[in-house]
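Here come two complexes built around chain A, the first alongside chain B, the second alongside chain C.
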Partner chain A sequence: MTRWGWLPLAAALLAYPWAVAGSDSAAFLQDMGALVLLAAISAAAWNILGGYAGQISVGHAMFFGAGAYMPLLVYQHWQMPPLLGVPLGIAVSLVVALVVGFPTFRLSGHYFSMATIAVAELVRIVVGNWDFLGAAIGLQGPARARGWYDLIFRSAVPYYYIFLGVLALLLLVAWQVQRSRLGYYLRAVRAGERAARSLGVPVRRYKLYALMLSAGFTSLAGALYALKTGFVDPDSGLGILVSVQMIIIAALGGAGTLLGPLLGAMILVPLQTATNTWLGGSGSGLTYIVYGGVIMLIARFEPGGLLELWHRQVTARLARPGEVRHAA
Partner chain B sequence: MILLQVVVGGLLLGALYALFSSGLTLIWGMMNFINFAHGEFVMLGMYAALLAAAWIGGGPVVFGLTAALGLFFLGVVVYFALIREVMRGPMLAQILSTFGLALLLRYAAFWVFSPNFVTLPHPALAGTISLAGILLSIPQLVAGLAAAVLTIGMHLALTRTAVGSQLLAVAEDRNAAMLMGIRPDRMQALAWGLAAASAGIAGALMAISFPFSPAVGETFALTAFVVVTLGGFGSVPGAMLAGLIVGLIQALSAYWFGPIYKDVVVYGLFVALLWLRPQGLLGTA
Partner chain C sequence: MLLSAEKVAKHFGSFRAVAGADLAVEEGEIVGLIGPNGAGKSTFFNCIAGDVAPTSGRVVFDGIDVTGAPAEAHARLGIGRTFQMPATFDDMTILDNVMVGAFLRHPRRGEARDRALEVVEMTGLKEQAGLRAGNLGTPGRKRLEIARVLAAGPRLMLLDEALAGLTPGEIQRAIELLRAIHALGITLVIVEHIMEVILSLTRRVLVFNQGHVIASGKPQDVVNDPAVIEAYLGRGHGGARR
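Then we have the complex of A and B:
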C-alpha cells in the first residue's frame, strides 16, 4: 500500500452508513456494516498471534467469550452498566492467555492448536453448566437504556462508528507492531522458531506478548458483540465456530497482513448474510460446508490469502512489463 | 461391584480410544502433522457402519470391514489431494488444511444424514452377559476386545513386518529411507490410509453399541489429542496405554461426579499434562 493509500478506504468506511441511508433496506445494510467491522476486529485480533507470529489458535472463542460474558454478568447480578464489565473481560482474557500460553509455547505449532481447542472446549462445557454464568441459557443485557452508559441504541449506526473506532485503534496497534522489534521477532518466529532462537530472539516471551495482545483485543471484540446484541450463550460466545470465523476471515484476506482481516470480513460476512437470507435456516449448515471448503482451498493453493495473490499480480506486472504486454 | 463394572466399561471404551488414537499418533510420528479431521474420520466410520447395515446387512465384521475399506480409501485420497502439497507449505496451511476438511466433513454429514442421533437399525449383537458378577453388554465387550486386538495387531504389523519397518524407517529418517530404496510418498499415503482405517473401524465398533450423530467427531478428535499427548507423540504402545487410562478416567469421573464432567475431567487432565509432562507418559522428547 502506498503512503496515503489508506485514506480512500478510511473515507469509504466513514461514509458507508450515510451512503446507504437512502436505500430501501438502509437499516439492514447499516447493521451488516457493523457486523463486517466486528468480524474484522476479531479477525485482526486473531491475526496478531496467528498471522504475524504463526501460532494458529483454534480456541480464540474463549477470549471472545470472556469479553462477551463479563459485561452482561455485571449487569445480570449487580445491575451495573455493561460497560464496566469490559475491562474485567479483558483482564480475565489476559489471565487465561497466560495459563494456556505459558506451558504450550514450549512446544511446536500443532501442539498449540490442539491445546487451544481443548481449553476452549473445556471453558464452553464448564460455562454451559455453571448457573452463575447463565448455564445453557446464557446472559442478557438491559432491555432498555437506563442512560447513555448502557450503550443501547435503536439504530446500528452508533455501533457502526464505535466498532470503526475500535478497528482503527486495533489496526494502528497492529501497524505499530509490524514496524517494531516485536513485529520482526514475531515474523522470525513464524519463519522458523529454531532459527529465531539461535539468533537470540526470546521466542517464548515474544509469543506470549503476541498472545496477550491478541487475547485482549479479541476480548474487546466479544464485549462489543455483547453490547450490541445484549445477549450471549455458550454457543454464540464460546462455540468453536466463533474461533473458526476469525481464522477463515484472516486467512482468506491474508494472514499476517495489516488489511487482510478487513478484506476477508468484507467478503465473508455479506456472503454469509446472503446465504442465510436466501436459504433460510438450512443455509447455516451449508455456510459451514462452504467455510470448510474455502479453508481447504486457501491452505492448498494460496496460504498467503487474497492480498498476497493481488500483490503478486501487481508486482509481476511492474517487474516484467514487456512480458505482460506480450501476453496481452 | 458397581465400581468394578464401571472400571471394566471404561477400559472397554478406552480400548476403542486407543485404536483410533494410534492412527493419529502414527501420522504425527511420521510427518509431525496433526490431523484435525481425525474425529470426523471416526464419525464417518460410524455412518459407514450404518450404510453397511442398511445395504449389506451382516454383523460387526461386515461393518468394520466396510468402514475400514472406505476410510482407507478416503485417507489415501486426502493424502494425495491435500496433505502432500500442504506439507511443504507454512504451518498455517498445514493446520488449516485438515481443520477445513473437518468442518467440511462434519457439516456435509449434518446435511446428508441430518443432525439427529441414530442407532444401527438391526442390532446384530445384543444382550448382556455376567462375568464373575459383572454385568456387561455384549456389543461393548465385543467392540472393546476387537479394538484391543486390532491395536496390538497394528503395533505388531508396524514392528514385525517388512512394510511396517519401511513405514517406521520413513518416520525415523526420510532421506535415509529414500537412500534405501523406500518411496516416502507411498509410505506416507499408506500411513494416512491406515490411520483413517483405524478411525473408521473404531467408529464402526462404537456404532454397534452407542447412538451417534454427525456432531460426535469433535469430541473424538479432542479425546484423541488427549490420548496422543498422554501417550507421547508418535508412540503406538503409548497410545494404547493412554487410551485405556483416558477411558477409565472418563468412566470413573462420570460415575463419581456425573456424566457432564467426564469430558471436563479429561480436558482438565490435558491442560495439567501440558504444564507437568508435555512429552507424555512414555515420551522422551
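Then we have the complex of A and C:
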C-alpha cells in the first residue's frame, strides 16, 4: 500500500454511519458496521500471533471470553460499571496466555493448534458448569444505563465509533510491530524456527510476546462485545466458532498483513448477516456452511488471502519489462 | 583459541553419529571439514552451532563453555551458520531476510536496514533485494544464507556445504565472496565436498569418517592419505601397503 493509501479507507470508515443514515434500514446497517469493526478487531488481534508469528491458535475464544465475562461479572455480583471489568479481563487473559503459552509452545504446527482447541474447550466446559460465572445461562449487563459509564446506547453509532477507535489503535500497534524487530522476528519464526534461532532469535520468548499482545487485544474485543450486547454465555463468549471466525476472517483478507483482517471482516460479516436474515432463524446452521465454503475457497485458490491476490495483480502491473524494482 | 570442541559425541539411540570428535580453530583460520556422506559432519556442525546438544563432550567458544546452550545463544556470542538445505525465509524479501540477521546487533530498524543494505551489496544480492526469497534458485538461496549470517555479525562462520549445487562459474564467485568475508576478520569452518573449494580456500583440513576425525593436515597431504582414500572409495583403493 502507498504511504497515504489508508486515508481514503479511514475517511470511508468514519463517514459510514452518516452515509447510511438516510437509508430505510439505517439502524440495521449501522449495527452491521459495528459488528464488522468488532470482528475486524478480533481478527486483527488473532493475526498478531496467527498471522505474523504463524502460530495458528484455534483457542482464542478463551481470551475473547475472558474479556466478555469480566465486565458482566463485576456488574452481576457487585453492580459495578461493566467498564471496570475491562482491564480485569485483559489481566486475566494475559495470565492465561502465560500459563497456556509455556507448555503449548513446545508443540509446533498442527499439534499447537490442537492443544489450543483442547484448552479453550476445557475452559468453555468449566465455565458452563460454574455458577459464579453464570454456568450455562451466562451473564447479563445492566438493562438500563445508570449513567454514561455503563456505556449503554440505543443506537449502534456510539459503539461503532468506540470500536473504530479501538481498531485504529490496534492497527497502529500492529503497524509498529510489523516495522520493528519484533515483527521481523515473528515472521522469521513463522518461516522457519530453526533458521530463526541460528540468527539469534529467542523463539519461545518472541512467541510469548506475540501471544500476550494478541491475547490482550482479543480480550479487549470480547469486552467490547459484552458492552454492546450486554450478555454473554459459554457459546457466544467461549465457543469454538468464536475462534474459528477470527481465523477465517484473517485468512480471507490475508493473514500476516496489516489490513487483511479488516478486509476479511468487511466481506464475511455482511455475508453471515445476509444468510441469517434471508433464511431466518432456521438459517443459523448456515454459518458453518459459509465458514466451510470460505475455508475451501481460500485453501484451494489463494492461501495468502485476498490482499495477496491484489498485491500480486499490482506487482504484475508494476513489474512490466524494462522496469526494475528495487526495495524502496 | 577461538573454538575448541573436545571429544564431542552425539548418539541417536544406539547410532553414534559423532563419536568423540575434536576440533580446534584459531581466530582468523579457514578450516575445511570433509568426509563421505553420512560421516557425521553435519551433526558435528549442529553440535557446535547449538542446534542439537551433544551427548557428551565440550564446546568452548572464545573461552566460554557453550555446550548444550541454545542456538540463539551461540548466535549472540558470534557463531553463525548456514544450513545444508537452505533455510531462507521464503515469504520475506531478500532484504528482510538479511534484516532478520542484522537485528541481532542493531535493534533499531533504521540501523538494521542500513547494515542489511551494506551486506546485500557486498554479497551481490542488491539487484534482487526487493524480491521474495522464494523466487531465488539454489545458488541465490545459498548466497542469501551467507548474507543473512554475515549481517548477524559473527566472529566464526560455519558453512555447511554452502557451495554445493553451484555451477563452476558460481563456485568461483562464491569462493571470492568467502575470501572477502575472511578478509573482514571472520574465521571460517567449511564443510564441503567440492575439492576445488577446499584446496583453494583452506590451509588445514579435517577428514571425518564414521563420526571420527580420521586425518588432518594440509589439504594436499590429506587427499593423498591412504586412510582418507579408503574412507571415500572403500578398501583396496587405499594403497598397497596395508
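Note that in this section the second predicted complex is superposed on the first by the 320 of 328 C-alpha atoms of A that agree within 3 Å, B and C clash if a C-alpha of one lies under 4 Å from a C-alpha of the other, contacts with A are read in each partner's own complex, and residues count from 1 in each chain.
Definition applied: a contact is a pair of C-beta atoms (placed from the backbone, for glycine too) under 8 Å apart; a residue touches a chain by one contact, two chains touch by 3 or more.
Just so you know, these numbers come straight off a predicted model, no measurement behind them.
Asker: Look at where chain B and chain C land on chain A after superposing the complexes, then choose clash or fit.
Answerer: Aligned on chain A, chain C fits beside chain B.
Asker: A:L286 in the overlay: touching chain B, chain C, both, or neither? Say first, second, both or neither.
Answerer: Once the two structures are laid over each other on A, A:L286 reaches chain B alone.
Asker: Regarding the shared-chain residue A:T104, is it in contact with chain B (first), chain C (second), both, or neither?
Answerer: Only chain B; A:T104 stays clear of chain C.
Asker: Now for A:M114: first (chain B), second (chain C), both, or neither, which partner does it touch?
Answerer: The first partner, chain B, only.
Asker: Does chain A have more residues touched by chain B or by chain C?
Answerer: After superposing on chain A, more of chain A is contacted by B.
Asker: Considering only the touch criterion stated at the top, classify A:V201 as touching first (chain B), second (chain C), both, or neither.
Answerer: After superposing on A, A:V201 lies in contact with chain C but is clear of chain B.
Asker: Just to be sure I read the superposition right, which of the two partners does A:L7 touch: chain B = first, chain C = second, or both, or neither?
Answerer: neither
Asker: Just to be sure I read the superposition right, which of the two partners does A:G50 touch: chain B = first, chain C = second, or both, or neither?
Answerer: Touch partner of A:G50: chain B, not chain C.
Asker: Angle chain B-chain A-chain C between C-alpha centres, in steps of 10 degrees?
Answerer: That angle rounds to 70 degrees.
Asker: Touch check for A:A255: first (chain B), second (chain C), both, or neither?
Answerer: first
Asker: Who does A:L172 touch here: chain B (first), chain C (second), both, or neither?
Answerer: neither
Asker: Please give the least Cα distance, whole angstrom, that chain B and chain C reach in the superposed model.
Answerer: 9
Asker: Which residues would you name on chain A as touching chain B in one complex and chain C in the other?
Answerer: On chain A, the overlap between the chain B and chain C contacts is residues 190.
Asker: Considering the complex alone, what residue numbers of chain B touch chain A?
Answerer: Within the complex, chain B contacts chain A at residues 28, 32-34, 36, 82, 85-86, 89-97, 99-108, 110-111, 218, 221-222, 225-226, 229, 260, 263-264, 267-268, 270-271, 274-275, 278.
Asker: If we count contacts the way the header does, which residues on chain A are in touch with chain C in the complex?
Answerer: Residues in contact with chain C: 179-181, 184-185, 187-188, 190-192, 194-203, 256, 324-328.
Asker: Can you name the residues of chain A that touch chain B in the complex?
Answerer: The touching residues are 50-51, 54, 56, 58, 99-100, 103-104, 106-111, 113-115, 117-119, 121-122, 125-126, 129, 190, 240, 244, 247, 251, 255, 285-286, 288-289, 291-300, 303.
Asker: Would you mind writing out the residues of chain C in touch with chain A in their complex?
Answerer: 49, 51, 70-72, 74-76, 80-81, 83, 87-93, 95-96, 99-101, 103-104, 107, 109, 112, 126-127, 129-130, 148-149, 152
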